[in-house]
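What follows is chain A paired twice: with chain B in the first complex and chain C in the second.
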Partner chain A sequence: MNTQANISAMLASTRMRLQFLSRYPGQLVMDLVLPIVLAAMPIFLGSAGGASNAEAVFEANTGTSNYVAYLLIGSAVLNLVTNAFWHMAYWLRREQELGTLETLYQAPTPRIWIAGGTAIYSAVRSVSTAILAYGIGCWIMHVDPFTGEVGLALIFVLVGLIPLYSLTLLFGAVILKVKEANALVSLMQWVVIFLMGVYYPITIFPPLVKLLSLLFPPTWMTNGVRAALLGVGYFFGTWYKDLAVLWIFMLITPWLGWWVFTRVENNVRRNEGMGQY
Partner chain B sequence: MDHPPPIRAENLCKTYQTRQRKGLFKSQKSTVEALQNVDLEVKTGEIFGLLGPNGAGKTTLIKILNTLLLPTSGEAWVNGYHVLREENKVRASTGCMLMGERGLYWKLTGRENLEYFGALYHLNPVQRKQRSNEIITLLNLGELADRSVETYSSGQKMKLAFGKALVNDAPLLVLDEPTNTLDVPSASELRTIVRNLNHQGKTVIYTTHIMSEAETLCDRVAIIDRGQLLALGTVSELKTSLQQDQVTHFEGVISAQAESSLRKIPEVLQTSRSSQDGKALLTVVSAAGQSNLPRLIETLTGQGAILQKITTQEPTLEDVFVAKTGRTLAQDTSIK
Partner chain C sequence: MQKDRSPQTVSLSSFWSTFIAMARKELIIMARYPVNFVASFGQVFLTVAVFTLAGRLFYDAPAGQSSLSNGSNPAGIVVYGFVLYLFLNDTLWTIGYNVRNEQVQGTLEQLYLSPASKFANLVARITNILIWTGLLTIAGGALMSVLIGRLPAENLPLGLYLFILTLMGTFGVGFAFAALTLQIKETAQTLANLLQFAFLVLCANFFPFAALPPFLLHLSRLIPLAYAVDAFRSTLMGFPEGFPELAPFRVEFWIVTIFGLVMPFLGYYLYRASERKARKEGSLSNY
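Up next is the complex of A and B:
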């Protein structure tokens, strides 16, 4: 198969999405503002309610007294995760509604490469705005953003992106079938916020919920970044063991996501076709 | 080695489930037979028309041939590639205009659209630019090329959608009602381009519900209705296949004896004579269509008739459609 041509098509898909974004630049402002606002609310609530020993209580539960950076990291990673779901879900849904999904299926570039191009666009946009939002948030709240191991934190983010975007394929399969994005993404967003421990450590969960949370790759990504930057504990004690778990997710989830997606896709093609929305 | 036919379909069937709404929360499942045992072969280098009303099954057939739908049963090959086992080769060897203006990204410019689809058809960046420029020139879209598609008129969008089908310069063009929403001059211009591309060697599948378009453009036409292929042949073959009564007017010097000889021909159903400006006007109603005309002329002239003018009421493709389907195309599509 012509891998070079497929890579070129994938990058053309990324470029095309960026061209779209250039027509709606206001979206980037939202990407920057939202994580700061989402973190600011619990930060101010904590400051108001925690009194003089707020930092000590927080440190006892999380492993760091820097609750401002902790929450900013949580909301930045949350934004990255929800953006991944919104971008991929909306991409699929919009292509379906506009009629361009059938046009994509007429081209010889396999869908995985086109989806890959959209995922790269989404990842570039989300990671860069998440880092920027974290930096701006730290500047506003007078916190040093570059404490700890920045490089390791980035590795956790980058390795976590692959299982994250693989999960969006599973989600995409549902959207392909039920032809609904808004309600599903909104619901997913709250499940994500709840499970990945945006505002609290998942150690406080009951065992079953904690297990569910640990089966969700973004939980490991969030904790990895916090541990690298703020020194909260890794789930398995050391960074490389936690990273290994993300690697396992990285090896399994793409196949699982693609397998489910193609099965649903064939089911749709066997019946009403991709064009029906 | 012989080239495979651009399209070959064997016993192609497609059924799908649909839901009929029975109120706010109630719905009932029903099965639609969109295609029934369609056998088809398109020849290299021809313009092949698929004629049928909306909902006849022509788009379903096209979608199966373009790998967008999976057939329920039967097999099909496009340019020798199997539509199920060699999907990407089928796609690479076909230029397709299916969704009309809906198949474009309206927020992008015309040029950006063409270049993006060029990438999806595996053209390298230099080829993409070159091919986009060629298409823009061919379709006379120069002034619009760098404007976002949302600012185009409906006809201009259709033109660009047609241009998208040319991006990969495929040997087979599949055009689903490409002149929809085009004004008369633009539709005519597009048909000329299609004809030119056909002369350059491209095979064209052309679906339409406009009779005159199929009649003037297509080498062969298939009439499809309710998922069944009802007739297939050249336009004149389809017309002559009509075993309908044909009315012929003969004008000139025609004796009563000549008329009487004519009546002895079994296919002649009725003759009537009148005179006009001192000339005889013989109106003959015969069966078996135009194929009978040489015999009628021979019989009359054999009896000394001097024929000055012969007029026939030739059946149109519309008559063929009515004969095959039992109703007019206009009734089904509201297109006059």
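Up next is the complex of A and C:
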């Protein structure tokens, strides 16, 4: 198949998933509510249960006194990351359950294009709801969402999406192998949340955990957005150096993710078959 | 016509037999997914770590700097709120989820043709989970107190009383939610998710009620569970100044007691009514 036909198949896959989503508006509401509620927990805890000078303590720990925006950014990025994992990791599982996976493997379109279609769907859904949730959260809590360099923050998000979605292929491989892996993916999701500093700066970690955290692309994305909007400081001091690290991830992770995924996939095809679940 | 066997018409030995058989069935299913056990344990630890580290940013100044904090510590609020949250999550939603699963698996209709106690059938569904949650709670609470600070533990018998009554009340809400599940089917999952987060905020499990904006605080005052959370943690913290927050303790005590005694009967009544309606309409196995 030529590239044009492949792109057409990819966009058809995106359109189909968006159509499915339009039939379940409750899921979109949850996408909007969840980041706000998850950010509200530490915000409420901090503002009422912590010290009387909570803002000053928070600023000493993070570099900004705007804890509402700081935590909302963390929770919006969290929404992006968890959606990416669930949408991509469960893409093949869902096809298995619907009985369409074996058929998909007979189609002439390479799976990378279909995976790309799912990734575009997931990115469109997650980025738009994350931005909206951040805006609504800031509005509810009376904070200006557009302080700092908004354009730069968006660049960090967009560049960070490619390594993020590449890494989700690793989770897709786990699902293919383990099958009923809901609990495992939930656990991995929390490992990721813990490591990427959703609600706190990773500087609070001991050196080894901090190193692990820095090997994970969303850590750079979260900090990049926070630094651009709230001025909490970049890991390497300037925005272009941090962005360069994300570019390096962008070059390495797609190959790594696809390599692991195809190896597991070939293994599964040789043994029990793709349609088994 | 099939005889409608309510718990009153089923003998005690038959009730226990059904309860044990159903609990064993659920245990066998749980044991077949050991990854779930390990993962849920790890998940609780990580959830605790994430939220407590976030909370510390507000009251724990970084090393090498003079402490900006006034020394206040939300350990009791967070830990006891978290304990109730874990149990409430199980009792509130698991019964409904299980009924839904039986529908999806196609076994609900058959279960209702059997003469077994419906009540034992419902309660057995969460027995194993409650035991597992008990273990998670002990481990999670210990981790939290290590991360946040020393845990206050006053008035333990009164705390236990409030805990048991709260659990009984949430069983009732769980039955009522299962009744709703039979009616709204697929929408139940989304509704459960929404309610779960709404309760999380309105019952203030992880923060003091004082943090809620006034309009949300008014809503909280309408929910008996919010009084249960407030009374439970205020009791175990030894009624520090400003606690309980929603009402005087005497009032909260009676709200929790009435909630715990009345709600199971009300919830079960609603469940039976919903089940009868579904049977009449022939929609018990539709999902």
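Following the convention adopted for this analysis, the second predicted complex is superposed on the first by the 272 of 277 C-alpha atoms of A that agree within 3 Å, B and C clash if a C-alpha of one lies under 4 Å from a C-alpha of the other, contacts with A are read in each partner's own complex, and residues count from 1 in each chain.
By definition in this document, a residue touches a chain if its C-beta (ideal position, glycine included) is under 8 Å from a C-beta of that chain, and two chains touch if they have at least 3 such contacts.
Computed from a prediction, not measured in an experiment: that's the story for all the values here.
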Simultaneous placement of chain C and chain B on chain A, clash or fit: fit
Partner chain in contact with A:149 - chain B first, chain C second, else both or neither: neither
Which superposed partner A:67 touches (first chain B, second chain C, both, neither): second
Touching partner for A:16 - first (chain B), second (chain C), both, neither: first
Contacts of A:53 with chain B and chain C, given as first, second, both or neither: second
Touched partner set for A:193, first chain B, second chain C, both or neither: second
Three-chain overlay, vertex chain A: chain B-chain C angle, C-alpha, nearest 10 degrees: 90
More chain A residues in contact - chain B or chain C: C
Shortest CA-CA distance in Å separating chain B from chain C in the superposed model: 7
Shared chain A contacts, counted only where both chain B and chain C touch the same residue: none
Residue ranges of chain A in contact with chain B within the complex: 1-2, 5-6, 8-9, 12-13, 16, 19-20, 23, 98-100, 102-110, 114, 266, 269-275
Partner chain C, residues of chain A touching it in the complex: 24, 26-27, 29-30, 33-34, 37, 40-54, 56-58, 60-62, 67, 71, 178, 180-184, 186-187, 190-191, 193-194, 198-200, 204
Chain B residues touching chain A - in the complex, by the definition given at the top: 16-18, 63, 66-70, 72, 88-89, 91-92, 94, 96, 98-99, 102-108, 112, 115-117, 119-122, 124-125, 148, 164
Contact set on chain C toward chain A in their complex: 33, 35-36, 38-40, 42-43, 46-47, 49-51, 53-62, 65, 68-72, 74, 77-78, 187, 190-191, 193-194, 197, 200-201, 204, 206-208, 210-212
